[in-house]
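Chain lettering (A, B and C) follows the sequence in which the chains are written, and residue indices restart at 1 in each chain.
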Amino acid sequence: MIVKANRTCLVIAGLVLAILFVASLGVGADQATLADLWQGSGGIDLLAISRLPRTLAAILTGAGLAIAGLIMQAIARNRFVEPATAGTAQSAELGILLVTVAWPAASLGFKTLVASAAALLGTGIFLMTAHRLPPTQPFLVPLFGLVYGGVLGAAATFIAWQADLLQYLAIWSNGDFSGVLRGRYELLWIGAGLVAGAWLVADRLTIMALGREASIGLGIDYERMLQIGLVIIAVISAVTVVVIGIVPFVGLVVPNLVSRLMGDNMRATLPVVALSGAILVLACDILGRLIRFPYEIPVGTVMGVTGAVLFLLMLFRRPAHG
Amino acid sequence: MIEINGVSLAYDVTNILSDISVTIPKGGVTALIGPNGAGKSSLLALVARLQPLQSGAITMDGLSVASTPGKVLAKKMAILRQDNHLGSRLTVRELVGFGRFPHSRGHLTAEDRKVVDEALMLFDLDDLSGRFLETLSGGQRQRALVAMAYCQDTDYLLLDEPLNNLDMYFARDLMRSLRRIADERGKTIVIVLHDINYAGTFADRILAMRNGRIVADGRPDELITTDMLNTIYGFEIPVTTIDGRPVALPFR
Amino acid sequence: MIDRRLIILTLLAAVCAIAFLTLGLRGNLGFVLTLRATKLAALIEVGIAIAVSTVVFQTVTANRILTPSIMGIDALYLFAQILLVLILGGLAYATLDASLKFAIGIAALMILSCVLILPMLRGRLDMGLMLLAGVVLGVLFRSLHSLIARILDPNDFAVVQGMSYVNFNDVNTGLLALASLMTLCALVLVWRARHILDVVALGRDAAIGLGIDWTKTQVGCLLLVSVLVAVSTALVGPAAFLGLLFVALAERVVQSRRHALLIPAAALIAVIVLVGGQTLFQHALGNSSTLGVVIEFAGGIVFLILLWRGSRR
């Protein structure tokens, strides 16, 4: 029964994503409709160089961020945290900013590496703190995360100001797909790899969400899993920040919505979470392209509004079960 | 005189208080007893207008609790709640001084200071008067709160389990002080107690509640009998007589 | 009897003000002095507004790690401006008189904060939930503000950027007179209510027991806070943690939560930090535009420490 319902969810999500995928290929500032793309040869170029990479980037970003959020919630054992609002993304931003100041000529790969390391450190600090906050007050953890992220962001702003890099900072701190072209987004595939990796250890992640004692009782190397989880979160966030910029709330609302529908067995939910994340981000990007056509509104801004509304609804609507 | 007339209270659908009517005359000590969850604190909160009345009426010396301005009532009655979480960082003297607020609106006069000193003395707080509340023990804090209510210097004093956290010495001391101010200054004291023997020793009258109703009402010697206590608490409590007073022994 | 610590703070504040006015004077003296005096007035006013609004807000919400901005009240001001844009249309909004915009913004903010915040206080929601909802509400309104700004004028990124962090360098001096008047009125009211605020700080039950009209007082305080927040937001932009820093410092200095002491102390410290900091950044570091960011950073750290310590107890 349950397996069947889960499969239905998966199929529906897949269908929706397919529709959005086609739609995304057809929408853009340069007036090329799908029909044009089909016929003219110039259209194929546009498709291959700009539209397809952009669409793929949105899908990869959404899936990656949603999974990062899912894992972070499992590790922090708190439903209201996610990398983009709890300091991970801001740490990555700080890292890439510092490396840009210190060594402007560094390659993108190296910058991503530094950003990942910074994200790892920042997330580690957050989680250490989160585990020490009293479990009786679940809202303190996300609050702490939000302000912690804000403080890191303020530090980044200060440094950027001093180094005259505010424009770059604006790019990193507000996610935007309009600059995505072939050859400039491929780093995001790392995220896809990590999502696949997460799926391999899904059962262990589910058990981790039950806590340290339960994990050890079931014979799981808790510390090792913690490290794996942290690396997945940090790398996905860092890659996203470097290529796209911060996209808030995806990792927060998607896992929660899916959990309400399907529960918390990650073996079953993980693919749906990834697909739904992709759907949300792609939909917001398409929306951003359409609201003020032919101008574009960055996906970070659209997501700030959509995500905040969804999150508030989530906060005040009691969970369906329990 | 406190007149409680047909008062009921419900949260959602559960009835907390059901149609309570009782009159507490001026002067004397009235003890309110009953098992946990009987509705004692709720009734006291209604009398002290901390909760809005849902039905019925409560008057105090003819003044309706619902419509009389808070300022006026604050000079008529003082209330001590069962649990108090004070967020502020205050010294004992500052806290007790707030009891004078209804009279002086914050500008303490020499007269006010005298009352504060007297209260600090009465509750053995003069050594602690400069200490911050969070540095006190539970019992010391409780005494500071009682002193604050006392300082309000009102005709009516509503105390919800003031003996919480107090050791035997201060519990007796507090009850004696209350008895004395009732006798010497004609104050009316309504006090929630869990120790039936304190109620028997110091109260003029005992009101017993159970499941949101008043199930017994009378002089201590009328109420402290095995039968009566069984209707109130639902178990056998032996009662003996010492020095002509009934003493309950709920220990075996 | 005036407290000695207050006198010291006052002297310090005066020294900062004089330094701000006179250090490195050159060029047309009269012109420069007027310019600086205007800016000084604005800084003082913003400092006072932020400090006092935070004290009052913390007292009514019975929480010492809150500022009005953390609860998203300044974002409500932005939201009120958005509403105005939506109702009037972009062009009409752009040509509207600044003072009028300000006044409408304040009125809307007062109504909105009563409608949105009061139920939260009334419902006695879990404090953490309330805080979180406030922060997210703030994010929502800020995103909405930048979204609408982009829709109205897709090429003008300056509008959006200008609003996103506090900046003491280009103070909106056009509103100064009106803002001063409002701050002054609010201050007088707060000062007269200082003893009542002491009682409010004891909590709802205790305050009612001592004869306070709880609802009326709560609404009144919220309205005052709204006015002060609107003033500071209109003059320098949103400043989430500044107030926290000022009040935490003031509490340290006067060692008391009595409003008769705390309010002047917090206001004076705000003036010292802002005016002194501005002077320092201008002359010693040669870069004054980052002061806001630095103070915000410090305030954010104070918040984290308070949260951490508070949850330990």
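Keep in mind that, in the parts below, a residue touches a chain if its C-beta (ideal position, glycine included) is under 8 Å from a C-beta of that chain, and two chains touch if they have at least 3 such contacts.
Small disclaimer: the values here were computed from a predicted structure and weren't measured.
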{"item": "Result of counting contacting C-beta pairs for B-C and A-C, higher pair", "value": "A-C"}
{"item": "Innermost chain by mean C-alpha position", "value": "C"}
{"item": "Distance between the centres, which are taken as Cα means, of subunit B and subunit A, whole angstrom", "value": "57"}
{"item": "Rounded Å distance, subunit A centre to subunit C centre (Cα mean)", "value": "33"}
{"item": "Distance between the centres, which are taken as Cα means, of subunit C and subunit B, whole angstrom", "value": "42"}
{"item": "Of subunit C, residues touching subunit B in the complex", "value": "62-64, 194-196, 198-199, 201-206, 208-214, 251, 256-258"}
{"item": "Residue numbers on subunit C that touch subunit A, as the complex places them", "value": "70, 126, 128-129, 131-133, 135-137, 139-140, 142-144, 146-147, 150-151, 154-155, 157, 161, 165, 240, 287, 289-290, 293-294, 296-297, 300-301, 303-304, 307-308, 311"}
{"item": "In the complex with subunit C, residue positions of subunit B that touch it", "value": "45, 48-50, 69-75, 78-79, 81, 84-90, 94, 98-99, 101-102, 105-107, 149, 152"}
{"item": "Of all residues in subunit A, those that touch subunit C in their complex", "value": "80, 129, 133-134, 137-140, 142-144, 146-148, 150-151, 154-155, 157-158, 161-162, 170, 248, 291-292, 295-297, 301-302, 304-305, 308-309, 311-312, 315-316"}
